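For reference, chains read A, B, C and D in written order, and residue numbers begin at 1 within each chain.
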Amino acid sequence: MKDSGSCTLTLSCPDQTGIVARVAGLVAAMGGWITEASHHADPCQGIFFMRQQIRADSLAGGIGDFCRSFAPLARELGMEWQISDQRIPKRVIILVSGQGHCLYDLLGRWRSGELHMDIPCVVSNHETFRGLVEWHGIPFYHVPVPERDKTRAFSAIREIFENGKGDLMVLARFMQILPADFCERYPQKIINIHHSFLPSFVGAQPYHQAYSKGVKLVGATCHYVTPDLDQGPIIDQDVIRVNHADTPDHLVRMGRDVEKIVLSRGVRYHLENRVLLHGNRTVVFT
Amino acid sequence: MKDSGSCTLTLSCPDQTGIVARVAGLVAAMGGWITEASHHADPCQGIFFMRQQIRADSLAGGIGDFCRSFAPLARELGMEWQISDQRIPKRVIILVSGQGHCLYDLLGRWRSGELHMDIPCVVSNHETFRGLVEWHGIPFYHVPVPERDKTRAFSAIREIFENGKGDLMVLARFMQILPADFCERYPQKIINIHHSFLPSFVGAQPYHQAYSKGVKLVGATCHYVTPDLDQGPIIDQDVIRVNHADTPDHLVRMGRDVEKIVLSRGVRYHLENRVLLHGNRTVVFT
Amino acid sequence: MKDSGSCTLTLSCPDQTGIVARVAGLVAAMGGWITEASHHADPCQGIFFMRQQIRADSLAGGIGDFCRSFAPLARELGMEWQISDQRIPKRVIILVSGQGHCLYDLLGRWRSGELHMDIPCVVSNHETFRGLVEWHGIPFYHVPVPERDKTRAFSAIREIFENGKGDLMVLARFMQILPADFCERYPQKIINIHHSFLPSFVGAQPYHQAYSKGVKLVGATCHYVTPDLDQGPIIDQDVIRVNHADTPDHLVRMGRDVEKIVLSRGVRYHLENRVLLHGNRTVVFT
Amino acid sequence: MKDSGSCTLTLSCPDQTGIVARVAGLVAAMGGWITEASHHADPCQGIFFMRQQIRADSLAGGIGDFCRSFAPLARELGMEWQISDQRIPKRVIILVSGQGHCLYDLLGRWRSGELHMDIPCVVSNHETFRGLVEWHGIPFYHVPVPERDKTRAFSAIREIFENGKGDLMVLARFMQILPADFCERYPQKIINIHHSFLPSFVGAQPYHQAYSKGVKLVGATCHYVTPDLDQGPIIDQDVIRVNHADTPDHLVRMGRDVEKIVLSRGVRYHLENRVLLHGNRTVVFT
């Protein structure tokens, strides 16, 4: 597993000369063995982004020690930063509705160890996938989302998430619009897969919109959820070629393959702390 | 050359049982040797589309004879149809502004025989490419398009197109918005390359729009021009992967490669009579 | 479902003028409503290929009647042909070893109805996936394949396939080389997914070979199995971009996504009778 | 232009803790403003690779000064290294035979400033492109390569390259096999575009080989030339989807688009010192 045994330091700050030297110098001084390093200076905004993956066993004093040593530099350079112990799997709660392709895909990747996460539970507004989920040894919660009483449903989901000590919610084709206050409560903690190549075809039935427009490629977009419907920061996207003979039904089928792959990539990037935010744009260190 | 020596029959009509049998039967009865055949029945609209490529020398009586024999069947089935002699190259007038990548690309494909067309002239609102064009033995017309007198400019272009007996105008990154009446005069006779994956990023500076939005792929769209800006029927599209480190300048550079390829494909499909229209959607028999 | 309610006629024969007219004429004469039609004339070999998808309910006399009427024409034109009732799902036996990503993917597509097939059983040389398979209500057979006694193992598999009235075996990352006589017994009835872009990297550990060679794309190939290892007719292929930082482990992970998609596409093409053979090349009417 | 105004430091050395810190520290100490930085530690071989792009005007003492300060560290860490002034365009001699698509493409990119290089001359074993090249103001040398006297031809080419103070030879579809001693003389100084997805289809007529094999994608590979035919280190590759209906002629046409793009990318990477070598594998910092 890529990140087992690693700590990941991520940071952003105003750009200036010498940041890499100082951060790398400090990590080296503490014995940190960097196995993967990425940085990016945004020339338009003058902001510097960095991700360092450090062998956990090389930090003799552990993460606590590291933090104490790092804090003064971070303060001096005006950093937003965090260090994350990749040995502790993140807790991911999956939400799904009536279509199971993304759920199947995520469960398969979790079982094989490809996605390094715990799944405290799966939540759905349908009963469809209870059997599959429970067979995997994962609790399944059925939370109906009736049109006239969404508030209660979403407060139930919030409770499940909090009680499950969730780090991340993944909307694996969860076909309900989240209330604005719900989204605001969990910034960069909810990942959605939208079944179009955003910003084209926001909202409902994007494959039917794509068919009407006669586009020659359809796609999917994995993004963080914000109160703005389908407008949150984009983590990954991909497309597949279609043609005039593809009916909306075909587009739906072909699109599912793109959705699965794009969602799982986005989730992996998040689990491995590869995604940094900057306004509505992401920096993704792949 | 793919189409040298061929005639191309294209048609559309209300769908019903037996159309293929009747058309193929009639072509066979006249000795027509079909080298490539495509059809498509749109199940949503009940419309049937067909393209038959026939060896010209197999039609003993020539195209005139074919038309006389075919007309009654066409009438009976309510067809829109045409037969085109691919041995006669279409006359294509290229319009360009200050960026030459699509022009270079089209000239190269024309010289090598890949694009089977005549180029009566190139028109530009700049002098930049006069030398290159004239070296190729092609007349070059400089038509300035001043902000306050576009009417005169576009009537000059219309005159050049008509005098040159043009079949098609190709906007090879021609950075002027065509007047509505100009577009209406030439339905399915003007091909544009738009530097975004439509319907995303209509209008000016699409790469800058793409950068702001933080998309992970940028693209280009080849479409017929209609009075609706960037909304005409899409012939072809493609995309290329980008990331957070790509500035708008990078997107421009990377996008150029997509633009060239998508435009040249669209032009080739048109030259070979592979594009049929149906409302704002295309049927492209590749 | 695309093919529910359809019969599929596939044929190949020496090319000559008028085949389409005669076949389409005969289908029309029997009332056959063609919903999808494809043909291809191979200009190098002079062979004609055709696939017609006909609404089953439009053939008043049923398939038996159709066959009787069609046989004389087929004989006259020297056809190899068959007509298949798509309403009857094909019986597909899946073989798997220790890696489950293709199995998960196929089961998910089967459950959602995307792949129209029956799965009489899954066979494996490991016990790993018994639980998952049986949870889906599918019998699971553990057939060890010991190095020194493969003969017995493969005769057990043959028996399972014959008793299960299998139409197709799918090697979903089954990591055993099939004996030549086994392959010969089931021409065009065994589909394999090879984890490289063939003909590159035949045989074992293709991702490690790809890494050593330093290629910039890795891929997967879905093909019919013949006695020639990894040389059978190719049904579909795809690739994904990699770079110098991708270790063999990364290539394995990234390749899995390509394998799943390419295998499922190949299986679907086969189930829908879209694949015709011609020597070692396939004609795939997508 | 991406690299105008930059110096590029590239290096490789045995991996150990603290390299980034020491290099970045030294660059910072000299006032160097890093605009782009990449590194890669190969975990299989224990080798570290780095590329730093530094604003030239930030190095007060110039490159000479930098080298004097850097040399001791380089020696201590066992580096292979170089620093290259990107403001001085590299001198690129293009070799071409009878097909001009790559030549057209490179000239277009050179004219627009996309490829930052000088072209002292173009060499060809045919006269075909003299006019085009000379119109661009570039000298053109016709060097016939007769079957029975290749030695003389290649010593003429060597002389042209040396007299032209060439930094790089680009084989833009130059259809002659270079003698082994010629290749050995110019390691990492000759870039070729091979018209297949290597290692598939080495040698002559790769598109015909691809057709016979029935592959579903064809590609192109840009690589450094070594005495081993088509086996040199791969810089970039790409593919395009094809199907059974594509004759070898189609594959040739479709492949040309891939060749142009892959060659131009490879050349740009080389011009910007983005390619580091490690045995027969490349590290490409894109």
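Keep in mind that, in the parts below, contacts are C-beta pairs under 8 Å (C-beta built on N, C-alpha and C of every residue); 3 or more make two chains touch, one makes a residue touch a chain.
Not measured: the values here are computed from a predicted model.
A.B. asks: Could you check if the interface between copies chain B and chain C is built from the same residues on both sides, meaning over half shared, or from different ones?
C.D. replies: Same-residue interface.
A.B. asks: Tell me which of A-C and C-D has more C-beta pairs in contact.
C.D. replies: Between C-D and A-C, contacts are more numerous in C-D.
A.B. asks: Between chain A and chain C, what distance separates the C-alpha centroids? Give it in angstrom.
C.D. replies: Taking the mean C-alpha position of each chain, the two centres sit 35 Å apart.
A.B. asks: If you average the CA atoms of chain C and of chain D, how many Å lie between those two points?
C.D. replies: Going by mean C-alpha positions, chain C sits 41 Å from chain D.
A.B. asks: I need the residues of chain D touching at least two other chains; which ones are they?
C.D. replies: In chain D, 43 touch at least two other chains.
A.B. asks: Please give the residue numbers of chain D that touch chain C in the complex, ascending.
C.D. replies: Going by the criterion above, the answer is residues 40, 42-44, 197-201, 212-217, 219, 233-234, 236-239, 243-245, 247, 280-284, 286.
A.B. asks: Which residues, counting only chain D, touch chain A once they are in their complex?
C.D. replies: Residues in contact with chain A: 17-18, 20-22, 24-25, 27-28, 31-37, 39, 41, 43, 58, 241.
A.B. asks: Sort out for me which residues of chain D touch chain B in the complex.
C.D. replies: Touching chain B from chain D are residues 2, 99-101, 104-105, 107-109, 111-112, 114, 131-132, 135, 249-250, 253, 256-257, 261, 264.
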